[in-house]
Amino acid sequence: MLELTDIEAGYGRTRVLHGVTVPSGKVVAVLGHNGAGKTTLLRLAIGLIKPSKGRVMFDGEDVTSLAPNQRVARGMAYVPQGQQSFGQLTTLENLQLVADGRRGGKALIEAQMARFPALEQFAARKAGLLSGGQRQQLAIARALITEPRLLILDEPTEGIQPTIVAEIEQTIMQLAGEGIDVLLVEQHIGFALVAAERYVVLASGRVTQTGEGGQAATSTVRAAMAI
Amino acid sequence: GDETAAGGASPAASCVDTSGSTVKLGFLNSLTGGMAISEKTVSNVLHMAADEINAGGGILGKKIEYVQEDGATDWPTFAEKTEKLLTQDCVAAIFGGWTSSSRKAVKPVVEKHNGLFFYPVQYEGLESSPNIYYTGATTNQQIIPAMDFLAAQGVKRLFLAGSDYVFPRTANAIIKLYAAKLGIEIVGEEYVPLDKDDWTSQVAKIVAAKPDFIFNTINGSSNVGFIKAYYDAGLTAATTPIISVSIAEEEAPAMGHEVTGQYASWNYFQSLKTPTNPKFIENWKKYPNSSGVTSDPMEAAYISMYLYKALVEAAGSFDVAKVNAAAKTNTITFDAPEGKVTLDGDNHHISKPGHIGKINATNQFDIVWASDKVIEPDPYLEGYDWFPADIRKQLTDAAG
Amino acid sequence: MTKPKPWLSLSGIGVFAVLLLAVAPLVLTDHWLNNLGKYCCWAIAAVGIGLAWGRGGMLVMGQGVFFALGAYAMAMHLTLETAGDRIPGFMVLYDPLAPLPMFWEPFRSAGFTLLAIVLLPVLLAGLLGYALFKRRVKGAYFAILTQALAVALATLISSTIRETGGDTGLSDFKYFFGFVLNDPANKLMVYLIAAALLIVCLLAVWQLYRSRFGELLVATRDAEERVRFLGYDPANVKLVAFVVSALMASIGGAMFVPIVGIITPAEIGAAASVLMIAGVALGGRASLFGPALGAMAVGWGQSSLGSTWPEGWTYILGLLFIVVILFLPNGLSSLPARFAAARRRPAEQPAPAIAVAELEEVRS
Amino acid sequence: MTDDSLVVTDLHVEFSGFVAVGGVSFDAHPGEVRFLIGPNGAGKTTCIDAVTGLAKATGSARLGERELLGRPVHKIVRLGIGRTFQTASVFDELTVLQNLDIAAGRHRPSVSLLRARRGVEESIEQALEETGLAGELATPAGILSHGQKQWLEIAMLLVQDAKVLLLDEPVAGMSQDERTATGELLQRIAAKRIVLVVEHDMDFMRRFATRVTVLHQGKVLSQGTVADVQADPRVQEVYLGTAGAATTAAMSAVPEPVAGTRQGQED
Amino acid sequence: MDALIAPLLNGSAQGALLLLAALGLSLTFGQMGVINMAHGEFLMIGAFAAYLVQQVIVASGLSIPVALPVAFGVAGLFGLLLEVTIIQRMYRRPLDTLLVTVGVGLILQQAALQIFPSQGVPVEKPAWLDGQLNILGYEWPLRQLFTILLAAVCVAALSAWLKHTSFGRRIRATVQNRDLAETSGISTRTVDRLTFFTGSGLAGVAGVAASLIGGTNSQMGAQYIIPAFLVVAAGGIGQLKGTIIAAWAVGVALSYFAYWTTGSLAQVLAFILVIVFLQLRPQGLFTVRTRSLA
């Protein structure tokens, strides 16, 4: 559904991505070391960065010049790296914010609260006061409320306790099963490759390897990344 | 003061050059900043006077070429620009200023460079300088007539309202001295910073003090706030009238109908019936960018330009010493829109008629009182025994 | 942060010193030399603002307060020197019998005056800074508070006519520590002192910027809380910069008085304080020369454009604020570096996020 | 228990009525890599906040003889406590060298602050070596990658000569071999210092922890060796989970990455 | 009795005017983080708009009710223009907005000086505001009551808008994290513009109230800007109720000080009061806590 073609992009004069192409697929994993450009790629996919060259296609439409909120309106959702939330708003307000104006907004919120019980417990607390993991759960919940067709996840299990990591992993698999596409950056290569239909390895802003997902790919990927 | 600049050093040689067919004059007014509200008009009328004089052949046959400077409502800038006009542009004389503070900033500079400065606004007096000519009223030509008027009206309780700066403070100090002599009780005295419009708290105090009359030395836009708060509180010209010394034809329109019926003390009003006034008004109304009404400060500015012409022509020279010597003859006069005025060569002020006007619905003034003859200028109030001699002495000592 | 080579800056200061101290007196008329002296005073204050704001992130909108301390200390001394045994003229009218206000007395002494010019700002800035920084007042709060302080002081001075001369200010000084001010030779001396003090201030910040303290200051600006976790008290770091900048403002103010011959509350109120900031922003807040040159440029613009086209000057000044801040957040002094960077390999140029930290400050 | 141990006793932290930490006690000694784990919101970060003076706490936290609670942040740091943050925070506009130099600065007399830096101090060079940042000396910290920033933070603690390093999720966002490298670095550091790590990466914990304390809802749930803790059914229930155990097991089945790849990420 | 009750009532009205001036700032500064020093000039624009309305609607009884929404719209449009041309590019460095808007303020002031009569223009108070209300023996001007009611209406409308529509949440979300808001599907551009429009429009409304108290001229905005900022800061940034209490307290304090001392000293004392207060409570009356370190 999402396809990135020959992307060049960066910050100011610093170029970070050099001719990166990411094929479409149900679950696509982007792998790579620290600073390889994964986050940059994802920010570009959602529209926070504009490419100096290349194209972003979503569901057959060229969305390269659309603002992030317009992309969200078309069915993309993004969970950024680093447990981000609106710190001054309460947990509930964080969810309402995205549910506003949606049909069945209340039900959507309740569904997410059921998925992440901590959110229900701390509904009235300022999100800025939540623990890191709780904030991450909130971020995922916020993304899911928009009922996306494509979910862009930047290290969604970073800083999350194992039980919930497992849940999130299950959720991702489940969402993929429900027909939601996922673009995933994940350091748990094991999980990422199990979940992924395709994978892309980034190094220094260039694609060094692509392939089909699955347990079997693990060792090739590890080898590729250990250069 | 003495004729040379103080401190021993002799003034720099003048660079004024009048050998050609023109004479350079400097205009120094605030065209930006808070005082631009008032001073733009003065600058404009100076231009008009210069144009008129040029059309009539100039001064001593030389056309006026003027350099307009912006004082920017900043007193050090007034000092800087004075120095620039005198030493860079080499003007023969400077016209302008409005606030007393700007004049006090200019004074040491014109004295140092032995220049000439013509100051056109009524002020608090107690000053004189060999290098400055004052064509607005001094205290005994505006404040004291106003007090006499109040006494004649049988006022017993007077409230003083002013802006917080040197003119109202000094004027009120003098008013208090004279009021004691007249048997008028001062029932309150309030000041608000020049740049603040809100007078509600002070007006509440006025209401409580129950004065017969209010003496208003407020300046600028703060006057609007004062009149509005006064009117809001239910005070009216019928019960508690105001006499002002800074509200003229220019200012009154901005206050709407609420100022109607109040008094002002000036030397000139647009409504004066003198031989030269109609022409003055007509010329002004035609002049580009004119505000359409004439008022005392602009008339005094107009006078200053013509007085200078008369001085120079009597001296036959633009030289400062010669001009001052011509003044000493006490024969320099001008048929001003306010009536004939004469220059006093000793104190560099001019004689003026006193008038009290009452604001009517068209924001013009109906004259309700006039001095029987012109009032001679007396900046140090030497003719008034109620003014303490020791203060006068200390002031002249400090100045000199 | 790319730093120019230290010797380069130092020789820059040298060239500047030669221009100010040797060339200017030869080529300028008395009037323009005097004006240049005035710009030097603003530049001295601007150098301090550059330190506090550019490097320290403290937007000091009320430098007028410290400018006033130096200026009024100097002006009171010169007034008394001029008045001799008498009470200054402006005081007489309001209360002819009252003696000189108590706080004027010590300013008869030249030594006390000089000491006051240094110590008053240090003490006030020290107290104020200590209180504000310890309570972690920063960002917009700090800016608005300092500006309010300047307005309050200007109003206070305006309203105490007998004690301070009020709105009219203090003027008409005849002597400067015994020297007759009207004497052109003495005027030149006063100018040279101001110019030399500017050079000294530049040298002082030059050393500060290349020192570890300079780095620490930048670190504190960008991540104050983080500095705490390295064992420093950021309040102290900021305090030092703030006090030094206050001292410079006071020195600028003190020299302003004999050069311009008048000091009024308008020179210290909100508008004047903002104009000082304008110069610093124009020149480049974080650079060494930017603030001084920017302040001088604004002063010059006021003197010359203000004459030829007064209304226009106001528009130009307004536009200058907008255009410079909008397109050149690092001021005109960043232009050469920008051109150089454009020629160099693009990848070398980091995108400095100059005020990302401020975002949090305003909002948290 | 040596003089240089960190001993926390009966620590309480309350936020307007909410008890985030309710009576936690643990200790940590030089030579061990101590792990603090527990569910999200258990109070781990808050414990670190309390010890470093960021959160107001009651109870006691001593480094040797010295009580830490109640002192201002920078004084605690001067006693030798250093920490990193869950989200890396370095001075973006300063270079790596300048960052480290500032961190090293607290031992210098204050007048030396007014002098310029000459050369690179030995401790800084060592720290750069240790963390593999030697090549980035002149890079502004703002453009380092997430992981590099975390290393820079650790390097800052090293030059700061902290006796106690409190690391809040130091390997979050790192790839497997980067984690390994970091873990080994921590083991080396721990030889002379106290290292306390908060982490959710169980694999990482299993490989590098000497002792583990598990927090749950602001209280100590379990304490002991990795094996002890993993075997504790309560820990499994609230934290590790059975499903989680399965996934992590699956992952630890992945072959160990080649050691010594740290130099590899300078690309 | 008068000495106690009069300053209280006068001060409440002064506070109400201050509140009107500060209300827009509590949006643009408090919520968006923009330090708009041209806010005072937007207030001036509102006052001039009221004057122009009076030129058209001669029946002065109606002119003020009509002028209020007009002033809101006109000042709001100016604000919108400022946002679109300049502020939009500056959200990532809020302190710099302070300097840019100082420039904007200078230009607006000078333009007003040249467009309108330099002495200013009259805005006439409608006849239905003549008169006083006797409160415990003090004849309280009706106009003051009007200012208070106007402020109350604006506060009520604003807080209802922020609380009961999703818009309030969106503003706050956008301010805290622009990128995150954008990727959560919020059109931050719309939010910014609407907020700035409203904040500036409120300045216009304040301008109408101010034109009934003082002069309507190019300098009028300058006297409100710093007190308004102090009020927002003292109330606690982003805290509407804090702004209300702070404005009222400053107004009443000013009034009592003016009653006991002089007009100038009252200004100085009020400033010092706020500065000392902020010294003691740097986050203002009402504080918002976060754990974020940066």
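Per-chain numbering from 1; labels A, B, C, D and E assigned in written order.
Just so it is clear, a residue touches a chain if its C-beta (ideal position, glycine included) is under 8 Å from a C-beta of that chain, and two chains touch if they have at least 3 such contacts.
Protein names from UniProt, one per chain: A, D = Urea ABC transporter ATP-binding protein; C = Urea ABC transporter permease; E = ABC transporter permease.
Everything numeric in this text was worked out from a predicted model, so none of it was measured.
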Suppose you hop from chain A to any chain it touches, then on again the same way; how many hops at least until you reach chain E (ABC transporter permease)?
1
Going only through chains that touch each other, what is the minimum step count from chain B to chain D?
2
Whole-Å gap separating chain C (Urea ABC transporter permease) and chain D, where each centre is the average of the chain's CA atoms:
45
In whole angstrom, the CA-centroid distance of chain A from chain B equals 75
Between chain D and chain A, distance of the C-alpha-averaged centres to the nearest whole Å:
27
Nearest whole angstrom, what separates the Cα centre of chain B from the Cα centre of chain E (ABC transporter permease)?
37
Touching two or more other chains, which residues of chain B qualify?
32, 164, 191, 193
Residues of chain E (ABC transporter permease) that touch at least two other chains are 110, 176, 262, 264, 267, 290, 292-294
Chain C (Urea ABC transporter permease): positions in contact with at least two other chains:
155, 158-159, 223, 225-226, 311, 314, 350, 353-354, 356
Per the touch rule, the chain C (Urea ABC transporter permease) residues reaching chain D in their complex are 1, 6, 207-208, 210-213, 215-216, 218-219, 222-223, 225-233, 350, 352-354, 356
Chain A residues within the chain E (ABC transporter permease) interface of the complex:
46-48, 67-70, 72-73, 77-78, 80, 84-89, 93-94, 96-98, 100-101, 126, 128-129, 142-143, 146
Contact residues on chain B for chain C (Urea ABC transporter permease) in the complex?
5-9, 12, 31-32, 67-70, 72-77, 79-81, 83-84, 87-88, 99-101, 104-105, 107-109, 112, 126, 164-166, 169-170, 173, 191, 193-194, 388, 390-391, 394-395, 397-399
Taking the touch rule as given, give the residues of chain D at its contact with chain A in the complex, in rising order.
15, 38-42, 45, 86-87, 143-148, 169, 172-178, 200, 202, 238-241, 243-248, 250-251, 254-255, 257-258, 261, 264-265, 267
Counting only contacts in the complex, chain E (ABC transporter permease) reaches chain B at residues 2-3, 6-7, 10-11, 13-14, 17, 110, 113, 117-125, 130-132, 138-139, 141-144, 210, 212-220, 222-223, 254-255, 258-259, 262-264, 266-267
